[in-house]
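Next come the structures, one after another.
Presented sequentially are two complexes of subunit A, the first with subunit B as partner and the second with subunit C.
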Partner chain A sequence: MEAIKDALNFSDFSRAERISLIIFSLFLLIFPLLGAGSFTKTVMIQFLLFSLFGMGWNTIGGYGGQVELGKAQYVGIGAYTVALMMVWWKIPFWFSMPVGVLIALGYSFIIGYPLFRLKGHYFAIATICTSLVLKDIFDNWTLVGAAKGIELPIHEHPDFVYMQFKSDTYYYYFIMVLFYIGLFYMNWFRKSKLGYQLRMIKDDEDAAESLGIDIRWCKIKAYSIASAFVAVGGGFMAVYNLYIDPTSVMELSLSIKIALMAMLGGAASLWGPIIGAAFLVPLDRFLGSWLGGYKGLIGVDFMIYAALIMVVSAYQPRGIWGIIEQLRKRGS
Partner chain B sequence: MLIIDALLQGILMGLLFALVALGLTIIFGVMDIVNFAHGEFLMLGMYTVYWTSLFLNIDPLLALPASAIMGILLGLASYYCFIRYLLRGPAIAQLFGTFGLMLFLQYFAMFLFKTDYRMVEKGLLVGKSLSVGPFIFDWTKIAAGLLSLISFIVVFYFINMTKTGKALQATALNKEAASYMGIKTDRMNALAWAIGGGTVGVAGGLLVNFYYAYPMVGILFVMIAFACVALGGFGSIKGVFFAGLLIGILEMVFPVFGQLVGSDFLGPHFKVTIIYLAYFIIVVVRPQGLFGWRQ
Partner chain C sequence: MKSHRWILMFFLVFMGSLLILPCAFADEKEIKIGVLYPLSGAAAAIGRDLQRAAELTADIINNGAPGVDIPMAQWKGIPNLGGAKIKLIFADHRGEPDRGADLAKRLILDDKVVGLMGAYHSSVTKTVSAVAERYGIPMINDSSTSPALTQRGFKWFWRATPHDEMFNKDLFELLKGLTEGKVKGVKAVPKKELQNLAYACENTEFGSSVAKSIENYAKEYGFNIVTKLLYSANAPDLTSEAKALVAAKPDAMLFTSYLSDALLMIRTLKGMKAQTKFFWGQDAGFEMADFAKTLGTDIDGVLTRTVFIAKVTKVKKVAGQINAIYKKKYGDDLTGATARSVVGVQTWAYALNQAKSTDPKAIQKACNELNIPAQELVMPWAGVKFDETGQNILGRGLIGQYQKKSDGKIDLEIVYPFELATANFIYPFPGWK
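For the complex of A and B:
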């Protein structure tokens, strides 16, 4: 009960933040009624999905300060569990998604235990390695479709049990609910004991250790929470796209995007991943569709994307949220 | 017999890997930055040799200086225009920064050269092979191995024997103390990037003789280079040489081993996977690498 009260308590926010949260929520709620085209709707779904991913990454990457670049493997685990259970045994989404999350949790403990012996660059590269190893295995494992991937069976009628709908609106509301669960969880998390411990570890590991914090165990816990978040999103991706292959759910670029959105928006803040996703997902999509129309401009959209990463990391490593806070301090 | 053949081929590849990883380890040693864009320097080196030999109609081996110069200029440009500003930020920003540089160069190459796979087709050594007893070696690979070795030795002597090289080492050991001794550490950083870019440019120029150049080729080689650097001990030059050899041998011998055992899971698909796995195990079990002098 206490935890739920904490999760819904936004009292430490400024008035401007609370008002924007309300306006934002209202907008999300009525968005499908605004008569937006299917392209805009897809972008919105992607935005909510990547916010969810970013929030998950924020636990270990933002609050914990560990450069984690292997989240895509958990997207893959979540997506493959849902897809395979549906193809092999016709198990509904509502059962297979939690199973996927449990597998992701178990796997993250196994990987996390040796992984968190490492720090800094060693850790960052090692997370990439674990993710790529899993991708290579799935790429060559004929039982799970290898590089061809797997298609989910398509149902004639919209089906709530298998989460298959004709209209994107249903998917939109479903991912919105997940998004809010994630948001409230993160609101609780940042005020929880683990949240404070992680920030302490980020500031000064030696000091944290001398206060009796079990650093490695804290990091593993945060890593597993992040993995669970991402696996939920992965499960959603499977039923939403109806087709998954190792390249779409386990690629290195997906891991990078997840971390980047949280970083660009502002790591270690509740708003960061949401701002980052709100900024990057439309940019990615619209640039892609806009420049893709011109022949000979292949790659320009990603060049702009990459230049943005370079500018942000060189001039404002705290991201967009850092800029906002700076402006606010100057204002008051 | 297969194993010995793979071993010899692995040594040739390993010499090249060592040259690729050399720049990475120097940059890491001097300024504690992991350069994700290193593989893209290699990719641009490959393209430089490809286009120079095509347009000037010269042998690809004679085009190597072009790729070295390109690499040096690219290294200097990245340092002075970008990396210098990254250094003020936290480590996480540095990682993302070089990652951004990597993406930028990848898509820049895609924009310029499209996604076609290109390989040098004409040349003195291209397509010819040397057979010694039961073994057959491609001349291009032999040239790549030997020239890599020579480049490596040149850089090694430069760093250990000249005054500038010693200043570079001093900067790597202790930046503050070095600057008190009157060493301009900013210049040393730039030098590290120049050497890093130059060596990897040469490696790319050698590689394009027998490997396809395409915009995304870098990521594979940067992961191999990471494994070499980790195995040798981050920042250790001697270490990276032996680590390169070991990784090269591992990459070649592993599929042969799988073939002999007859297992599908030890096949050639996984020859890169085994390198990732090797990296993971090395850093977990022995974080200081084989020759590392610090953690």
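For the complex of A and C:
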């Protein structure tokens, strides 16, 4: 009960932040009614999905300060569990998704235990490696479709049990609900014992250890929470795209994208991953589609994308949220 | 009073024109077709070539091409739709299946296209065609060759190109032909000299399904596979893969690669002075214009599976005429990929003309009943006719060999089917000194 209260309690944020959250929530709620095009809707779905991924990454990468670049493997586990259970045994999404999350949790404990013997760059490299190894296994494992991937059967009529809808509006509201569950959880998490312990570990591991914090165990727990978050998103990707292969759900570029969005938005802040996704997802999708497809200026979107990332990170390493806070301080 | 009359006249003329103009423009109606290609990313070079070929074909249909002797080049629009022009709306999927699906939704729901074409990568074609199937919008695929695409029971998906199963069979027919002395300019090679095969295929949908098919045919035709490699087409380095191939000392090396990885693989193998007797690539990277341009004489003796070789233009009039326009405009000959893009747009035009409507159901019926005669295609095919799975049953593949000519230039000669061979086969593969 206390935890739910904590999750819903945003009173430690400034008035401006709370008002922004309300306006933003109202916007999300009525967005499909605003008559936006279908492409805008797909962009919004991607934004909510990557916000969810980013929030997950933020536990270990932001609050815990561990540079984690292997989240795609857990996206893959979530996606493959849903797809395979649906294709092999026709198991509904509502059952297969939690199973995917449990598998991701279990796997993250197994991987996390040896991984957190490493620190800094070595840890980052190890996370990349584990993800690449898993992708290679899936690329060659015929039982799970190997590199050909898995195609989910198309249901002609809307099917809530298997999460198949013709209209993206349903998917939009579903991912929005997941987004809010993630947001409330993170609001609780940052105020939880583990949240404080992680911040302490980030600031000074030796000091944290001297206070009796089990550093490795804390990191493993945060790593597993992050994995569960992205596995939920992975499950969603499977039913939304109706096709997954190791390249689309386990690629290194996906891991980097997840970390990049959270870092650019502002790691270790509740709003950071959301701001990062709100900034990068539309930039990537709209610019790519507009410049590459309509205008024939192929590749220009990559340049703009890269330049913006460089400018933000050079100006304020704490990301966009860092810039906002800086401006606010100057204002007051 | 007079001025009032003028104003009234002007008003009437204006109102009248508002009524008449839409009728005048009705003849100039546009039919939008969404085309998804990889215009950026690793396959950008191929994607842009495909885009050019599609644009050129749409231009031939819309504005006519006096020197091309097929009815389509005189149409100036779709005849049965009041001369309506085809407008292609391109979308760049970068080779990413989820991006392809999102763009397909944009094309269908926002741009209101009549149908879709593309998407080159079989993995992207899977998600794009799934979107088309959900919305009941026709999709004609021009160049994705994964056999699985037409084995899904889709009602809104048709594929003009032959698929990899057909092409891989051609490869083994050529190998068999070599052992039986059927190949032009080569005496029968004892089978034991060609017994051991090795493959390296890129690891997406395209490469992995070719790999599987090669394994099946090797068993059927009695060959051994000594090395099996799947690699990432985006890999910055292929040294370990090349080393594994060289170490296995296979009689034949078989590849499935996109452009950048094909170039990297050959350069790496050249650096190792790799030796083999038979060097074959499964289309894609191996037959792009940039492949020969970049590697020059290093590819003397390299074989590529394709569906179109510039030499076809010498034996097929319409191929020569359209190729001449393409070459004049872009400086390159048509390739297997670009020629299929031409056929893709052409198939769309014929389907629309036969449907006499842009209603999806009418187009679906037209596609199922379509029969484009061989003489109207740039391809050396028997025509375009779809079976109940949506697969064109009249397509066929070619195998070409890059050969160094006396002037030092590289030319692609037809070596399979044997009856179409335009030059003696170079055997064994000369390799790199």
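In the analysis below, the second predicted complex is superposed on the first by the 327 of 332 C-alpha atoms of A that agree within 3 Å, B and C clash if a C-alpha of one lies under 4 Å from a C-alpha of the other, contacts with A are read in each partner's own complex, and residues count from 1 in each chain.
Everything that follows uses one rule, which is that a residue touches a chain if its C-beta (ideal position, glycine included) is under 8 Å from a C-beta of that chain, and two chains touch if they have at least 3 such contacts.
Worth saying up front: this structure is predicted, and the values here are computed from it rather than measured.
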Combined model on subunit A where subunit B meets subunit C, clash or fit: clash
Broader residue contact with subunit A after superposition on the shared chain, subunit B or subunit C: B
Partner chain(s) touched by A:G288 [first = subunit B, second = subunit C, both, neither]: second
First, second, both or neither for A:I128, with subunit B first and subunit C second: first
Subunit B versus subunit C as contact partner of A:L21, first or second or both or neither: neither
First, second, both or neither for A:D139, with subunit B first and subunit C second: both
Partner chain in contact with A:D245 - subunit B first, subunit C second, else both or neither: second
Contacts of A:M303 with subunit B and subunit C, given as first, second, both or neither: first
Which of subunit B and subunit C A:G37 touches, first, second, both or neither: second
Touching partner for A:V87 - first (subunit B), second (subunit C), both, neither: neither
Intersection of the subunit A residues that touch subunit B with those that touch subunit C: 139-140, 298-299, 302
Subunit C residues touching subunit A - in the complex, by the definition given at the top: 39-40, 44, 48, 89-92, 94, 96-99, 101-103, 105-106, 108-110, 123, 126-127, 130, 133-135, 146, 148, 152, 203-205, 207-209, 230
Subunit A-touching residues of subunit B, taken from the complex the two chains share: 28, 32, 34, 82, 85-86, 89-97, 99-104, 106-111, 114-115, 215, 219, 223, 226, 230, 234, 267, 269-270, 272-273, 276-277, 279-280, 283-284, 287
For the subunit A and subunit B complex, residues of the former touching the latter: 61, 65, 67, 69, 114-115, 117-118, 120-122, 124-126, 128-130, 132-133, 136-137, 139-140, 252, 256, 259-260, 263, 267, 297-300, 302-303, 305-310, 312-315, 317
Parts of subunit A lying in touch with subunit C, wherever the complex brings them together: 37-39, 42-43, 46, 139-140, 146-149, 151, 154, 166, 168, 237, 241-243, 245-248, 285, 288-289, 292-294, 298-299, 301-302
